[in-house]
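Note that chain A is present in both complexes that follow, paired respectively with chain B and with chain C.
So, the complex of A and B:
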């Protein structure tokens, strides 16, 4: 259904136009003038965003693509090196591992994030009194507004092997101290856990919105057809939520591919390279090793991966997304 | 609405409202332009000598007394101190480099050993000409400062910084934990075996909620002190020629004159050395037997609180810990400090810091005047009134500085250099950031598994270091 509202013909000239010329012509002119004005107004409103996008997104993207073909350490003049940066980064085992880590992280974290968000959204939407629903909406969204760095510093204390609260709780039930942040498996688990805890609130809200837009009549019809409990969600909720799921998954995947704060603060990428992610390698190359060309090359590769995954998602969505 | 307004207020159209809003935004932008463009920052755009230090605004304010004293001496030089908050030195240097890239570099930067060679190689101006010119003034400073600290700031025969403060990796121990385990103060020349026995005794005395040895995975105070004590390192250490002008001019009569050089160089990796394996294996044993923790990545900010609450027995740290422990509630006899344990040697690791003049400094002579003044006893007493670090001047590491705070054996701090003059700085070549990453990323794996994992981790470290040292060389 179109959301555009049109003024009835003849109402747009505020009446005064009818004095000097025929009403129809005056109305058309006034409408054209008004549209012209609206166009200008639209550009004025869009200008800050266009300016911001140009200055802070498009120009840096172009600059980093160009920079990927140069060797540059900020201090000396850049030197053109062709595709050397690309060939060096694809041969660098740390870069390869970090990309692999990132992909694994995306698969696990996004699955957990969306699964948890959907389950909680259904639970909150269905089973809760409205005041509790409001509470949970806020509670689940709250971690998202916290700084990821602060959360991660806090979590470092919670997951400390010797003195952390988490291990203290485990000790109460006889579980020995888990080396959360000092073993590859433990640190990866903590990074994923912290990331999902902090980010699932956004997907949760999207799902809440999606659930609210499903007509009650559809459920009633399904109930008449005998669909209750899980079958109701499987055959009604999930298909009708598929547009929301598409949006939520695209956003979750793009965000997870750029994960940096949590692993950087919690583990600095370690132990070994076990929690080193692609963006972390970009940061280390650029700002710690002063290899801006290589950092840009990694950034370009990551961008291509993000674009490919997003394109694939939209292509697949034609088969799995249902619009009412 | 009354008839007096004739209903006009109701006729404010959306367009008028938007126009007013737009005008408001433009007005606000114009009014706040100095803030938006940063021209309201004190000292920006004028000829002030801009000095960057790592710290908070409070740290910058603490420098104010020194700035006031400097201004009395040099009223013609305006000074502004810019405190840059950073997690560690690597983070701080990153921010300085960003300022360089943005075209707003400071004139003078407080640089620690971690960045000394990076600055010397790319960003800093040598001090040789100034030190030679003001030799008469500088003699008193060098008389009071150990040559090891000065040598740490030599690079290829030139001097780039004057040490202001420093810290060695000494061993702090919790006297309560020692007493509970029936342990006395360790001997000055205690060995790594004695150390391990002490940890075992503490473990036996307190089986839970206690860690005999806590260490963090980082360049200072991590694995390096153990490597130095075992007469090795993860990088091959060599020295440059040159520097005679300084040593013969200021340290001709120093007993360690023969040891001095034109500066340290770390050109090759050494992670495949047998002693490196031996040192890591020792630490692996401590972890395996529950005497030491698997080291976490990053700094040791939580350590002060844990140590002060008697949950840690020993940890390596420098004089910078004293004030923190005092503020955390430890009495002067609740903790003490001893030299790092002996192995093949008792060579210590240290880090130092001082001001460097940037190549891009507007007025290098003024910058030197600030550095010269900051190295004076008067300025250093203003800047280091508390034991937040170990002052580079031997005469300032005295009873008065540690009175009421401890530790009882505070003399250990400066004696480290006097007793062990071969003690060396943190291995930090110009590629320090890459080198540090290569070290840290393999340490945890090396000490957390079996012997096979240790060998793999050291092989990986060797490869990573080769790559790191090849970069930007």
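So, the complex of A and C:
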């Protein structure tokens, strides 16, 4: 891929460079004509994407915001209710709990995901036979290609209280059976573990890329200054990696805020509301209770939170991110 | 694009691993550090791959034995009853067909539409190009869950409720794919177009005969990403399909687990394994492309 980008045009276009000189005037004419052609072609080429996005993304965004101010159950005509949906949603205990759950989930899952990914990326990037490195990278990447629904299906068996493999392993070290999926704390832990298990590979890939772009000279200089082992990573790797960490954390947080598949399949939000997430509540109020206005209001709130967090991260980054 | 492809993900790590100066004290402790590090990494790899191996192995146990502990990780005497059973309990051919149809058409649709739009943004000059591209990028930040209610209504209004088209059409316009293809086309020299136009090629012909063939690897990345994402997709099918004849694989499997309760694990797991096969194929042949695609645009 990168080879094509660096090849000078003259070598790749057959005889193009040779013809350019004598045909200079004809060339100017042709470019003028092709300007016109380019404009037409551009709009034809853009049509599928732009029309599709307008129809299935832009209009729905506007509709979602508008709908948040209406009460509508699809059957009867929508009625304008002002901010009622928002005030009801904010006071609804289930919605409150689900947003709180989501925030707790994001904090714990993202911290685990980034910490694990960073530690593993640093360990994988240090000296080792290259076949082993390829194996580790592939292994950590592997869960990413599976479906979250399928993963949650088999994880439910693994975390089963009586015949689950996890509790069997724990029993080997003398830990009594943990009621994973039947208690609020256990369920939350399972949802977090399953989510992190599947997603840490993505942050891992980003960190691998970031580590590869740190120049060796920096480490050589650090070694001369006497920094070795973990101090080398603390004083050299972490600061130089901070742009990657920012990108990885923004992406991890945005994706964790939208968690749905794992809690839906693993626990259906239970027991009680202990693993109900923001997106689950959107799903339930729209497609189970047919309160489309309220669902939209929750969606708008979630989007605002996502936007606020992203903005805050980039603002904070000005202070903490170190660009070379 | 070029920045993300330079990592050499499948090969050696270019910098950190090599040329670290080994001081005398370093060399003496080196073996211990190395062993400790490898053991930790192996443990992490075992925890990552273990659940999948257990799934494969348990699906090859007979349904009555699937509960038994200690767990097995190597299927010494594989038993294929569960695979027969899953075909009886689920119309798995239909599920696979639906998933393949939905995923295949989305992938092809994304490859074509993203290549066209990406080319327009990269090499064609027209008014409002920058602004339009910013709008396309901005749509990437809006989560699906937020637009799903209006999309659901739009689909109803179009009379596409409970059809496979309801899953396919909204997924074809792709901001990320367009971004990726634009980057890819930007990496191809603009001189190619100038040369072609001097040779008398129309803008269409320039695209068709010069750029499109060179962009195949980029399109492959878009296609593989789309395939992987939509093959595994759960949220949209859950909402946009109603009758079982329109279910995709993940949805069918979740409903199978629901039907069986805690019945026979191995049957459900046989279904899960079958659903993983295409992902495994992608993993074996398209891992590099997938990694490049996933991390595209995050490089510096």
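Odds and ends about this structure:
The rule we apply is simple: the second predicted complex is superposed on the first by the 267 of 324 C-alpha atoms of A that agree within 3 Å, B and C clash if a C-alpha of one lies under 4 Å from a C-alpha of the other, contacts with A are read in each partner's own complex, and residues count from 1 in each chain.
By our rule, a residue touches a chain if its C-beta (ideal position, glycine included) is under 8 Å from a C-beta of that chain, and two chains touch if they have at least 3 such contacts.
In this text, all values refer to a predicted model and were calculated from it rather than measured experimentally.
Of the two partner chains, both chain B and chain C are touched by A:41. More chain A residues lie in contact with C than with the other chain of the pair chain B and chain C. Of the two partner chains, neither chain B nor chain C is touched by A:91.
In the overlay built on the shared chain, the residue A:270 is in contact with chain B alone; chain C does not reach it. Once the two complexes are laid over each other on the shared chain, residue contacts for A:75 go to chain B alone; chain C is not touched. Of the two partner chains, chain C is the only one that A:138 touches; chain B does not reach it. After overlaying the two complexes on the shared chain, residue contacts for A:163 are found with chain B and with chain C alike. Look at A:57: by the touch rule set out above, it reaches chain C but stays clear of chain B.
Once the two complexes are overlaid on chain A, the chain A residues touched by chain B in the first and by chain C in the second are 37, 41, 44, 74, 156-157, 160, 163, 265, 287. Every residue of chain B that touches chain A in the complex is listed here, in rising order: 15, 18, 22, 90, 94, 97-98, 100-101, 122-123, 209, 211, 214, 217, 293-298, 302, 306, 311, 431, 433-434, 437, 440-442, 444-445, 448, 457, 460, 464, 467, 471-472. Interface residues of chain A, counted against chain B in their complex, comprise 37, 41, 44, 73-75, 92, 94, 156-157, 160-163, 179, 181-184, 265, 267-273, 276, 284, 287-291.
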